[in-house]
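What follows is a set of structures for review.
Two complexes follow with chain A in common, the first pairing it with chain B and the second with chain C.
Let's look at the complex of A and B:
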């Protein structure tokens, strides 16, 4: 029986996950299409990793429907996992094996013939720029190198979908950019990427489309640009006043933008013309310690949707 | 460069193939365990081969010089050395398997998380536990084989076939303990529990299950308790085979007990790993 499948790689309807009394995912609907980079943006504890583990077919759903590559993870777990690449949040590399063996051994789990897996391992080492480290022990690698090796490992079976759970958490800026570059190349090759992140810049860099997740539910969905357009203004004026003055000051300038947010360390004024806001602030005799005008980001979208910042 | 991604069509049309067979699942980990073995065999020589020889020398030869009793009081052994060697080999089987299935299992779950990495592939918890236990079996088998070979020149074996069968028994002993220890290690969250296993499980079984003296010396109550332990069944069967004093009906009971403990233990190991990792 051959059923026709569209280009939908992952489809969830009312997907839920509970651990005892704790409901980590409270009924989400998503659809990931072939070749797109799909993001889950949200703070720690939003339910992103639980969702990711269900998609990876390693954690059974507590309710709702989930279909991955047209298959049911409850029944076809091994067949689904054969075609997924998984880059987990924590490194699970074998620290006692060298770099090459980590790839080789992993490829063997997929039943890839020995000669083939050796060839793929060399190819992937080149791709993640670790060829010179092929005989190094994993424990001697830097954090960024370990992440790149993990990504190489997740590609050893030439997956249809690559799942990346917080791929750059804990990396320094240079290592992050190097990693983003590699992921961007994968995207250009047509790999379907599913990424969770609590970094708005990462979501903006990598995701074609994303859902903002908070407390186990989806708060909004769209492309980064659409979300910013829908939930924020073009620009944001950031004002810093002496500690303790923020609430009182915010009242005095509440009419200057479409919206004003008071954070512990600054006031955000949402307006399409940030420079104009600054002029008005100064015109009212207020003297902020520091000012900044910038474009709206997904961070602002998140703030608007949840009243909280992403990284606290 | 070649494509790093699949060009397969999506969906079930190219076979939503189900689970791997248990044999395939275990075989796919062969290269992994081979690599682990290549890396660790030199270090394990000291613990698994040298220390048993120290025991034989100290207790069998040197202490044995002070022990001169009739064979009836030594389960038919003509010397204390001949009596103690089968017991020590059976105990070695237990110890090897317990060590292989405590810290390494906890490490794979808690420290380096290799089980989680493996589960992101077509392998299932069943396959991980099977391969782990098969490797433990290999460790027990190879360690005990060397033990038997080294002991042969001491003239402690009555026949050539006895030790061969006894070698099979030591593997049964190893798996009777290894499976249950695996199940325990997959359940507990702290390595502190292992101290308890070693002190209250391993050491009493090692000392009081007939390895060093016939358990008739324990008195009727303790003797009955000792006879219930799988370790005694292992020691007794190993010894009867090595000394050619086999009482076949007792041997059958010994073998069935060990087999039953192993089979149920294997099931417990699979269950507890699944419960731990599939949440």
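Let's look at the complex of A and C:
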């Protein structure tokens, strides 16, 4: 097939969204390429969902430029939406329809012929392991099943871009891993994924490239590894002291790492050699209640960039 | 052709044909109702009970009844009133409580609007659905009237499209009012209007019983316009009043439709 436009699926320049006086998205630039998994990592209220709704061509932008699949959401909304799959933050299934009809009727909204939707619905039920629930009512499904059904539904039109707003929030570890596996398979099939999350492990698992978003702006951008390399050290030593001792202790060990963060329940010392930090701490006669040396994660990047933890 | 980063200038069309979107919303509602047909049936029985108790029962006490200068049995006077009322009640059911539930609790329209469907499709689809529900009650009622020998004119065939028009007008206006409601208590206001409209719109007695301003007020209420239209058609005594009703009801429906679409834009495309 002839390529009519570049492989840029989503492009935003100075994109803004206001709700009255509140500016939820304050001018962001992003570019999502074909076949990549792009993540928005940020705490509550960062503006992730507001951005996703603009990309979904549902919420009109308050300012800036936005182009999706080379089209303008203000003009070509229905044509853009025909090629997107949307999995909103809250499961909004049609509670008046059973599991199968949720897929079937939704597929019809895309103008897909009857027999074709039926075949796709069966296929997707198998894909998300809900075949035996096909005639169940939506309200009788567990949280994880609802989430899976929502994802199956968002795939009924074989989208070019799949938008997932916090796909695994509120799920148990087993359900999360099943979902991650399904999303990974979609990515292998060439579906472009856009994911928001406030779980750093999810971002690390799924995203090729991500932006760290906070208070409506993008604080940093890159692959998970690049971000860790740029904004953190290789390792982190976590030290737990009796409550109330943290600030005083931190001063005594400030020189041991490139950076020291004091959290309510522990001190983090950023250094390329965590074990060495622990030895030095003990050598200075300090006796932490518990210690842990781990690799740096996106959580540390976030802490460095915003001074706050992601999930509190 | 080489890759270029400039967006394609042409506007790309929706995969849905015009009006296909509204049809799909009707389909969705039909599927949800298949399992609830009993609920559907009760709405039809109400006007039939009124016809039997008041039209035929009370009618036995009234010997000659005059309508537009013609003497007709009382039951033939009440029946078209109930015909209009059945379209009115049917349309009201879906466009008030059900729309409110879908809008505020089920968040159904938020789900629909991430597909190629638009707020126009939602507005039209829901209004058509309300109209069809009212219309189906009316059609069944018309058959009952015919079986009881209460229709004498071929004009009565047009009473069905007239009932659909009444359904459209009320469905559109009631849905537009529903978009302004914030809680279930607000629906008390609808019930407070529904009953007087049902009782005083020339349904059970002619509005010649009223004088002055009151009569003028009733003449411009929507259900009265619907009742007059149905009655002139089923009795075959057509006057300019039907023409006025026609224009009135079409205007009312179109206005409602426009308001619904704008309100959905304001509420959902935030």
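Keep in mind that, in the parts below, the second predicted complex is superposed on the first by the 308 of 312 C-alpha atoms of A that agree within 3 Å, B and C clash if a C-alpha of one lies under 4 Å from a C-alpha of the other, contacts with A are read in each partner's own complex, and residues count from 1 in each chain.
One rule holds in what follows: a contact is a pair of C-beta atoms (placed from the backbone, for glycine too) under 8 Å apart; a residue touches a chain by one contact, two chains touch by 3 or more.
This one's a predicted model, so the numbers in the text were calculated from it and none came from an experiment.
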Worksheet item: Clash or fit: how do chain B and chain C relate after the overlay on chain A?
Response: clash
Discussion item. Output check: A:115 vs chain B and chain C. Expected answer is one of first, second, both, neither. What do you get?
Written reply: neither
Worksheet item: Now for A:95: first (chain B), second (chain C), both, or neither, which partner does it touch?
Response: both
Worksheet item: Hey, is it chain B or chain C that touches more of chain A?
Response: B
Worksheet item: Thinking of the overlay built on chain A, is A:290 touched by chain B (first), by chain C (second), by both, or by neither?
Response: neither
Practice prompt. May I ask you to decide whether A:9 touches chain B, chain C, both, or neither, giving the answer as first, second, both or neither?
Written response: first
Worksheet item: When the two structures are overlaid on chain A, which partner does A:123 contact: first (chain B), second (chain C), both, or neither?
Response: first
Practice prompt. Considering only touches as defined above, state whether A:56 meets chain B (first), chain C (second), both or neither.
Written response: both
Worksheet entry | Touching both chain B and chain C, residues of chain A | 2-5, 7, 19, 56, 58-60, 70-71, 75-79, 81-82, 84, 86, 88, 90, 92-97, 101, 105-106, 108-111, 157
Worksheet item: Can you name the residues of chain B that touch chain A in the complex?
Response: 1-6, 8, 10-13, 15-20, 24, 28-32, 35, 39, 112-114, 116-124, 278-279
Item to complete: Could you please specify the touching residues of chain A with respect to chain C in the complex?
Response: 2-8, 19, 56, 58-60, 67, 70-72, 75-79, 81-82, 84, 86, 88, 90, 92-97, 101, 105-106, 108-111, 157
Item to complete: Write out the stretch or stretches of chain A touching chain B in their complex.
Response: 2-5, 7, 9, 19, 34, 56, 58-60, 69-71, 75-79, 81-84, 86, 88, 90, 92-97, 101, 104-106, 108-111, 114, 123-124, 126-127, 153-155, 157-160, 186, 189-191
Worksheet item: Inside the complex, what are the residues of chain C that reach chain A?
Response: 1, 3-8, 11-17, 20-21, 24, 27-28, 31-32, 106-108, 110-118, 268-270
